[in-house]
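Dropping the structure in here first, questions after.
For clarity, chains are labelled A, B, C and D in written order, and residue numbers in each chain start from 1.
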Amino acid sequence: MSAPAAIELEGLSKSFGRVEIIRDVTLAIAKGERHAIIGPNGAGKSTLFNLITGKYHPTDGRVRLNGEAVDQLKPYEINRRGLSRSFQITNIFPRMSVFENIRCGLLWAMEYKYSFWHLVDRQPDLTRRTEEILSEINMSDKRDTLAGVLTYAEQRALEIGITIAGGADIIMLDEPTAGMSASETEYIVGLIRKVTESKTLVVVEHDMGVVFDLADRISVLVYGEIIASDTPENVRASAAVQEAYLGTALEEEA
Amino acid sequence: MSLVLVNLLDGLVTGLLLFMLCSGLTLIFSMMGVLNFAHASFYMLGAYFGYQISTYVGFWPALLIAPVIVGVAGALVERYGLRRVHKFGHVPELIFTFGLALLIEEVVQFFWGKSQMAFEEPEILKFAAFSIAGNAFPAYKVFMIFIAVGIFLVLLYILTRTRVGLIIQAALSYPETVQNLGHNVPLVFMGVFGVGTALAGLAGVIAGPVLGTFPGMAVVLGTIVFVTIVVGGLGSLWGALAASLLIGWLQTFAASYNVTMRDVLLTLGLTEPADLATSALRDLWTLTLPQIGPILPYLLMVLVLAFRPQGLFGKRET
Amino acid sequence: MSDALRPLAPWGVAALVLAVLPFIFASGAALTVMNQMAITIIFALAYNMLLGQGGMLSFGHAVYMGLGGFFCVHLMNWVEYDNLWLPLPLLPLFGGLFGLFFAMIVGTFSTRRAGTVFAMISLGVGELIAACSIIVVAFFGGEEGVSGDRTMGPTVFGLDFASQQEVYYLSAIWLMISAAAMYLYSRTPAGRMANAVRDNEERAEFLGYSQRKVRFMSFCASGFFAGIAGALFAINFEILTEENLNLATSGSVLLITFLGGAGFFIGPIIGAIVFTLLQTVLSLYTEIWQLYLGILFVATVMFFPSGLTGLIAIHFRPYHLGKISVLTKPYALIALPALGLALASASVLEIAFHARHAALGDEQMSLFGLSFNSHHPLPLIAALALGALCIWLLRRQLPSFREAWDEANYAGGPS
Amino acid sequence: MRTLAGLILGTLIALSSAVAAWAADTVKIAFIDPLSGPFAATGEQGLVHYQFAAEELVNKQGGVLGGKKFEIVPFDNKISPKESLIQLKVAIDQGIRFIAQGNSSGVANALTDAIKKHNRRNPDKRVIFLNYSAVDPALTNAKCNFWHFRFDANADIKMDALTDIIAKSDDIKKIYLIGQDYSFGKAVAAAAVKYLGAKRPDIEIVGNELHPIGKVKDFTPYARKIMASGADAIITGNWGSDMVGLGKSVIASGFKKPIYTYYAASTGITKTFGAEGKGPLKLVQEGAINPAPSERMTAYMKAFKAKHPDKDMGQPRIANVIEMLAKAIDKAGSATDMVAVAKALEGMEHDSIFGSKIVMRAKDHQAIQDVHILAHTDEGIDFDLDNSGFGLKVESTVKMAAADSETTCKMKRP
């Protein structure tokens, strides 16, 4: 076998009480792949996300990151293994400045860890790297604004900035364009494309335009099961997907 | 054996009194997510209002009027105080109720001074209902038991059999959904806060004559009430009942039996240090159960929070 | 001033003020009050490492200060009776270490969650230790506490610390050290992540940080500085009692921090100064000072949750916009009625209190230099009328004040 | 009119040394006791009596040192040792040389220690501590010092007197001891065990326990234990709400025998007990009020009640403090030479307004005086408490109680 997949799910299941949200999901996402997960509301996309990133632990099955089982680890331990995520509902540090938000994303990765003997303002490498990411997400001019008072689109961009700051190899974005206008969506998609260059990207998305634009492969999740996992063209053509879900979504889009 | 029976009854009275406070507090917590630090202060207000009203019209009308006034005061606090602070988050809410507790104590002293009030049980209940092995059991305590049980039954009926109760139960689990259904959740909140504080007020009127009506009465009971609902499981009415009785009996029995640490240590095979008066461990050797009785609830709470944060009966983690 | 020195300027000014103060207020009582202020500042700053910077609400933080203090009194006694060699100026370090040690024990289980659970555990532990202080007489000395004598140690540069002045300078130096250390801590990765966890613990976890460990570190650091405050208390008062551990002390540090403004580093400093002055001065003038304090606290939580410092801070924007002068006139216009309202309210309370509680026959009371009969309705009516008049005046001024405020905060030119 | 600016100015004045000495023509006595918080009622009552006694017994008689008046300056210590020490500093800064305090032995311990250190470190600004109510025996034993004078009978003396009376009562075979878990409660229990063992070894101590102070909501379990023990009498040093709670629970449980107490009177307690307390409730205290020991006392009391109808003279000894201090100052010929005043107080003999002779014992600065057992009743009461119709009536008296008692005090004199 070749090098292990970036993310590998094997027979993954999750129940809350008696309700089974994720049923026996098996999926492999290769390194460098841009993978999208789509599905109707309530299909379990966010739960699947939370299982992979350690917020929930699976009832059954395995999650492997670069070949290593991580399903019993805490979120921060998974993050330290090179996986970073964003959230469906904006999840930033509202009472800190934009600059500080990004810097928080960098601290662990730059080996500062729990240090209380380094002054963050006196670390040229830290400041430089923060500035770079700020310019990458085009927010250098908002540097000292409190994150809580940014516009929604800016907060989403900041969230992506925090997510990629640590330099993780695997980036998982949960509905990055939810609630955005067409122009904002276009801007964010461009941004994602730029900042995840040569990284593994997993994205949950509602907007089919975004999905087909961005993804190399698409998995369709319906009622907790993956009914298809293939290239955009094949997924679009699949009768099963059409029947279960895509038809209606595509009609809406049209 | 008869002493055990007496203690069971006494513990029941204490536990049920606690429950009258805890039921309101836990309702408020489950609905609004805020631990009302000032809950025992409303209990104190109940006692003082009860005393003042009883000097004009006697105990029985006071038993009805005082809780209503306390309830209205509580509803006003929710409407004009808590609702305002609510948007800042839970920590400021908690701080607000903490400040309120301080303020109410000062206000009570402002009006009634610092001395103990001569608040007495009504003449008609001033007799021993029965006695067990020479221990008189006052009729007033029987009355307390009946009131507390009555309140529990009424609460249970309202929560499970009426429309309002169903809305409250729904609001406990799905606050947003209930709001979407068109119910006026702020009004429900205000109502629950008012009723919760009125219950505390009622407990105050009833307890005032037995436990004393003085400015420190809220502090003495306040933190214990907290402990009780945390131990029982925040938001669980059954948990509140169980924990109230547990703590009522725990304190009663701890105060009743002079188990000494010396006996325990000797049983464990340790030898008493010869120089006990100067030994660093002298306090351990002279410790008795009644001495530590009142702090047992805190110990219980710390243990529960450390090992079972959802409380004995609670479902959700705090 | 060069840019490198600019951040040091406030520290220099603070050091200068601390050095000069004893020459202005030289009496023993003034020194005692200033010493108490220094202790309270350190304690409140330590408390704010939890509340303001870590988002942890504690109802039992007096425990760490108290334990540090108790330990130091015992150290002083060992110095006195058992020939332990320990110069007094180093004592706070040991107090801090003891506070740290105890915080590490409690922190292992209390920092698992923030919010209500943390608040309740802190309350429970606080009550437990306070109750133990009565039971464990060997360490806490029962209700009369433990006392010591600070002057028994080896002299340092010829100082034996018998005089208040020497103790003041010792406290002031430790205040500077502690405040600087706490400020610097907030600028380290651990301190920054404390803010991050406060704002959004979930996000912090997905950035590689364990929220529990971040909180644990803040908690321990806070315990350390609280212990230093306790040691200074021991040096100043030479006695520690149950009072140093109980809920009232824990509650007042919460009050101080919130009053000053938990969101700012200097908030607790301002809170501690204002609170100590209120406590010492207000209680000289009125019996119901605690009522005023309660009203002030509740009003702060309701209307100015960012505290006194927040009130000052909202003027920075107009200042930077160069529009602070826009506010001068409206402030002048509302100042008099606002002051009048405050005085009228206080008068109503004082008159009502006097009428209710003064000895029979003692109907004369004096207020603000006026002497009158509190049992006569006239003074009360006069106070109420003054209050009503001031409210009416305030309401009249309010629209134009609001307008001026908006204008002062508007970045563009005159609108 | 004092505006905010005035308040700030006041602050500065209070803090600065400008305040050091106001008028030298009064002798100031700092009254450091709780005037706010849960124990303020007791503190206020003490303050009112001090002010009244100074006015009535000294100032109206022409003052001391040929015309100097006494002035009582109140300081609120919030019953906190820390606040007390701060207020002590403030008082000393104002040039006050006499410190009166009484409520809480914890505070008294802190004060006596601080005053000892202060007098050693500042020989030119020495002060004297007039302890009128803190009864922890240690203050005149292990912790005694030259500057501390106690005007109340201490816990040991009271117990000595009480057990003298109990020893004569053949009905009492079993005694239950209960108290608050702190130094005073422990001192009461230890003294009871000691004196009962010496005077009536046949009496069985069926219970000897301490409960946490101020933390017990409901005393019923304790009352049950007492009932179960078959005790013929209870001895307790409880005060405040702990006294009320214990007493009411015990009586409600059907206890009809004597409850010997130290502090079950006034500040609402007498009124709260009312008719229920009549019979069981007894107090051991100095100072006889009912029946009135003298015409002088009746006049004094009537004048007090006319001025303060809502207050009681709960601590009669305050009058002794004032009179004895005035005598000592006159004898020393100075209100500033503290060594002379203290020496004059040492060994002073005085006839109290309440009918007893008082000797300030030189070896430990403990006042020796008559101690009475008082009954809570509404019969034969000339002066009631809490305006309740109930008051304290002398039942028996021990003359010059414990006059020859031992002390461990090793007084160091300057």
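Please note the rule applied: a residue touches a chain if its C-beta (ideal position, glycine included) is under 8 Å from a C-beta of that chain, and two chains touch if they have at least 3 such contacts.
None of these values were measured; they are calculated from a predicted model.
Here the chain-to-chain distance from chain A to chain B, counted in touching steps, is 2.
In terms of C-beta pairs in contact, the better-connected of the chain pairs A-C and C-D is C-D.
With centres computed as the average of Cα coordinates, no chain lies farther from chain D than A. Computed from the mean C-alpha positions, the centre of chain A lies at a distance of 74 Å from the centre of chain D. With each centre defined as the average position of its C-alpha atoms, the distance from chain A to chain C rounds to 44 Å.
Separating the centre of chain B from that of chain D, both taken as means of CA atoms, is a distance of 35 Å.
Among all residues of chain B, those that touch two or more other chains are 109, 113, 291, 294-295.
The set of chain A residues touching two or more other chains is empty. Looking at chain D, residues 37, 181, 212, 215 sit in touch with two or more other chains. The full set of touching chain pairs reads A-C, B-C, B-D, C-D.
By the touch criterion given at the top, residues 53, 55, 74-76, 79-80, 84-85, 87, 91-96, 100, 103-105, 107-109, 112-121, 162, 166 of chain A touch chain C in their complex. Across the complex, chain C is touched by residues 1-4, 6-7, 10-11, 14-17, 19-20, 35-37, 48, 76, 78, 80-82, 85-86, 89-90, 92-93, 105-106, 109-110, 113-114, 117, 121, 136, 181-183, 212-213, 215, 306-311 of chain D.
Residues of chain B touching chain D in their complex: 3, 6-7, 10, 13-14, 109, 113-118, 120, 128, 131, 133-136, 138, 210-212, 214-217, 220-221, 224, 251-253, 255-256, 258, 288, 290-291, 293-295. Interface residues of chain D facing chain B in the complex, by the touch rule stated above, are 37-41, 44, 181, 207, 209-212, 214-218, 220-222, 224-225, 227-228, 241, 244-245, 248, 252-254, 267-269, 271-272, 274, 386, 388. By the touch criterion stated above, chain C contacts chain D in their complex at residues 24-30, 32-33, 36, 131, 134-135, 142-145, 147, 149, 151, 162-164, 233, 237-239, 241, 243-244, 277, 280-281, 283-285, 287-290, 339, 343, 359-362, 368-370.
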